[in-house]
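What follows is a set of structures for review.
Shared between the two complexes below is chain A, which has chain B as its partner in the first and chain C in the second.
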Partner chain A sequence: MRIAVVVFPGSNCDVDLYEALHSVCHADVEYVSHYQKSLDGFDAVMLPGGFSYGDYLRAGAIARFTNIMPAIIAMADAGKPVFGTCNGFQILTEAGLLPGALKPNDSQQFICKNVPLEVVNSETVFTNQYQKHERISLPIAHADGSYYADEQTLNRLERNNQIVFRYAEENPNGSLHNIAGITNERGNVLGMMPHPERAVELLLGNTDGLRLFESLLENGRVKAEA
Partner chain B sequence: MRQAMTPEEIKEKKPYLDWSLTEAEYDYIRTHLLGRLPNYTETGLFSAMWSEHCSYKKSKPVLRLFPNKNERVLQGPGEGAGVVDIGDGQAVVFKAESHNHPTTVEPYQGAATGVGGILRDIFSMGARPIASLDSLHFGELTDQTMRMKVANTVRGIGDYGNCMGIPTVAGETTFDPCYQGNILCNAMSVGLMDQKDIQQGRAAGIGNAVMYVGAKTGRDGIHGATFASADFNDENNTQRSAVQVGDPFMEKLLLEACLDLIKNHSEWLVGIQDMGAAGIVSSSAEMASEGASGMELNLDLVPQREPHMSAYEIMLSESQERMLLCVKKGHEEDVKGIFDFYGLEAVTIGRITPGHDYVLFHDGEEVCHIPVSSLTDDVLEEESLEKKPDRIIQAEQQTPWYPQIVNPTRTLLDLLQQPTIADKSSLYQQYDSQVRTNTVVGPGSDAGVLRIRGTRKGLAMTTDGNGRFVYLNPEVGGQIALVEAAANVIASGAEPLAITDCLNYGDPTDPEIFWELHQSVQGMADACREFNTPVISGNVSLYNENNGRAIHPTPMVGMVGLIKNVAHVIPSFVQHPGDKVYLVGNTRDDYAGSELQKMLTGDISGLVQPFDLHHVHEYMQKLLLLMEKGFITSAHDLSEGGLGVALAEMLFKTKRGLELNLSDYTAAQLFSETPGRFVVTVAPEKAIEFERQLAGDATMIGEVTNSHWLMAKLADNELNVRVDKLQKVWEEAIPCQLKSRD
Partner chain C sequence: MTNVRIFVTYKPSVFDPQGETIKEAIQSLGHDEVTAVKAGKFFDVTLTATGEDVARAVKEIADQLLVNFNMETYTYQVMEEA
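For the complex of A and B:
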């Protein structure tokens, strides 16, 4: 499985995603510039965290107009895995690949810490190595992570099992329904505020994010063998 | 725009006095350096370049006391940042800089641009910044304005560093009334590089291009350097025009573009330097001086954010996120291509010329024609008067203050709520401490620790400054600053490599303040020699006063240490029940300047006692060796609040407790702040060998338990308290005080 990590101007967790996949998971991964118009040859695409275009105007609002976006949308439409963490999640909502929006945290402050999460849906291509209702802990590091959607959308997310991660114990940012990560209806696009790519090595104190990448890679292996 | 005054009018009306150029300096420039009257632009350039901030004219004689070389130092002071060899062809690059005046006036932008400025110093050397640290000293939180300043300073640091994607991994935050009218905001950046990529701020080669890259030039920050070289009073504390405005997104692009150029096309590049204090003039003049070159610039080509800027304004603007490059002739378009890719401007604004003159054109006219050296090398060093303050002479005669501790548990609970000691996580959680996924130990420990990807090595880093000790005994206080930093680095299992510093003092024309500067630098320098940690970079911030009242002399030490095997990093909290607990170092009755004294008496007084620097260094080296050999399961250095606070901190966020026999110590000694001490834990089977190795310097005081109680028998009392009770007051103190509406 060949994975693209998109680099926007102002992306800064691109290295984190790349190294999680390359050094830890030994996956086939490549950086792709926002200037590129094609993702031909890639089986999955990941949008890193950071501050694309300085978060000016609104987090993710400018990145959605970059050259690469049509190719990302095409991959989503083709049912291939599309993953966005933090700023990547914000871009996916701005691009309309995921419903809802990320508002400034209730505290009006940037928050960086480990937070407990519940794995709500363990049947996606990104989470099949986790147990349903499993408690994990992942770092968050954002100022605009309060998930918002209208009542109808929230009900639909609940009904379709699109909520993949929920904040457990405390809600750090004011997200509705304690939402930390959601997929699209088809389940091949995942956006989440926590950073699984920062939790893949024992040396750094947390490996709870590793299985997200293993889920995806295992899935790719099974597909390749089939 | 024409010159605002003729040279004759300048001589008569003396506007330079307002720009901090003295009468004597003006006369010297006129008679000895130029042999004519300087024009308006030239006078402005001189006043900025001859400011203390740019020239160190007052502090230079004192700075010469510092050692700045050893077998590992690849680049000492004088460049953007110092560089130290860490083996495998790699080097660590670091520097700290103060942004005290801007942060006091406009905390958010002041702090943010402080971070931005120090980052540019690192990547202008060819290194990628891998971590940020800070050292913040505020007034008391009982003041509503100060609470707002704390919140905005922290937000400024966070917003800039977070957007840049550089983790903030360590630092210190203290509170004392002496900083009420003059906050200290010192930022430190650490970078990593391949030694082959080291750059210099140098311009040479006749015909080579001087290229301007990055953000446009505006009117912000004009005379920031002279602003930093004068003290505050009620009239000028709203000088906001001298504060710059930061754009971290622009800086992120500038970082990537510069590193792309340096790593992939260094053959096009002669030199590179950040446009920091005194903007274009300091970067260009210093680069020309370094290359022994002449330089000619056309200011009409400088990208400008607003119309009708004068030559003076363009040259002195401190607009952020700009760099100056010297590029080999013929490669201007190549360089432009790289910056284009990142959406940045790169413009040739001048050339290297034969001779040694610094020539500027504006609106088609020559507005400056002076020798390069007159701006950089000919600055008159100022001799300063020194006088030992009466308070110290008096303190030498007095009997030391001795605390009466009736209830040590109560005292410990009270100390844990002092803002300088209390949990700072509500502040540092606003900093991304993990981005780039190398952070092994983040904020809240003795030192931040990063692994170096692709190797087994790690780097430990810390910032330390305690103005109270320096105020009460500058020489010993200077030694303590260094020992405290070394203790933090060693407690993480790292060998100290070198230091950077920010020397924060009051008005040096006051002989007592200059004496404090001199004595404390002497103390730091002696300790640097003892620990073989040369000063490789740093800055001086003088005139930290408000309405004639100076801050405590507060030299900040930023230290970096090397860990041989980062998998064996030593945690600062206890690990296994049954581990033996040792107190390393000698405990005396040291209460002068302690947190305990401040809490119980409302002020500090007395004389900080000298200590045996060499002896402390000896056992610290032994301790480090024992850490590397795997003897130590956890270690924490003793600082504010002494042993009592350190023991509590080692238990926080664990489920463990301690049962201790401290019957050789009084309740007061539980809070003594004798420097150079540690608490360490050792697995029981290694205890005998540990004791043998550290004979005389380590005292067994008890063991780690499973009970989550801190229990200690003292000579004259007892300490018995549940850890959660301690942790609760420690965690709640700062959020509670920051939210207060009183």
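For the complex of A and C:
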């Protein structure tokens, strides 16, 4: 499985994402610049955290207009895994690949800490190595992470099992339905505010994010063998 | 040339934490008569278009970029047309 990590101007978690896959998981991973127009030869694409285009207008709003975006949308449409963390999640919602939007945190503050999460759906390509209802902890680091969608959309997310991660115990940012991460209806596009790539080694003090990458790679292995 | 001011705000149903915080600050100045504040942003846009073309252009710009209709809405004013 060959994985692309897209680098936008203002991305700052691209190296974390790359190293989680490369150094820790020994995966076949490559940086792809936002200038590129193609993702040919890649089996999955990941959008890192950061502040693409300085969060001008709205977080993720301008990255939608980069050269690489049509190729990301084509991969999503083809059913291939597309993942976005933090700013990557914001970009996926702005691009219409995921429903809803990310608003500024209710507290109006940038929040950076480990938060308890519940794995709500462990049957996605990104979460098959977790247990359903398992309690994990992952770091968040964002100012605009309050998930918002209208009632109809929220009901649809609940009904289709598209809510993958929920904030457990406390809701740090005002997200509706305590949403920390969702997929599209088909389940191949995941966006989440927490940073699994910052929790992949004991040295980092937390390894709860590792299984997200292992899920994706395991899924790729199963597919390759089939 | 036409100058247009486009105002973008949250939909009434969406909680506006910035407006809420500003309201509390205003009240702490002693202005108890202030009961609500909504924050938003505006864009001054200069176009070569005039007349109905302005309305069409503003709608497209708002729909495709300036407004996230999941949570926001907009109005606009034509400031001057020359």
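In the analysis below, the second predicted complex is superposed on the first by the 226 of 226 C-alpha atoms of A that agree within 3 Å, B and C clash if a C-alpha of one lies under 4 Å from a C-alpha of the other, contacts with A are read in each partner's own complex, and residues count from 1 in each chain.
Everything that follows uses one rule, which is that a residue touches a chain if its C-beta (ideal position, glycine included) is under 8 Å from a C-beta of that chain, and two chains touch if they have at least 3 such contacts.
Nothing here was measured: the structure is a model prediction, and the numbers come from that model.
Of the two partner chains, chain C is the only one that A:D150 touches; chain B does not reach it.
Of the two partner chains placed by superposition, A:P116 touches none, neither chain B nor chain C.
In the superposition on chain A, contact is made by A:C13 with chain B only, not with chain C. In the superposition on chain A, A:A61 makes contact with chain C only, not with chain B. Partner contacting the larger number of chain A residues, of chain B and chain C: B. Judged by the touch definition given at the top, the superposed model places A:N105 against chain C, while chain B stays out of reach. Those residues of chain A that touch chain C in the shared complex are 57-58, 61, 93-94, 99-101, 103-108, 148-150, 174. By the touch rule above, chain C contacts chain A in their complex via residues 13-15, 17-18, 21, 65-66, 68, 70-71.
Listed in rising order, the residues of chain B touching chain A in the complex are 155, 158-159, 162-165, 247-250, 252-253, 342-343, 425, 429-440, 451, 453, 566-567. The residues of chain A lying in touch with chain B in their complex are 9-10, 12-13, 15-16, 19-20, 23, 49-51, 53-56, 109-113, 139, 141, 143, 195, 197-198, 201, 203-205.
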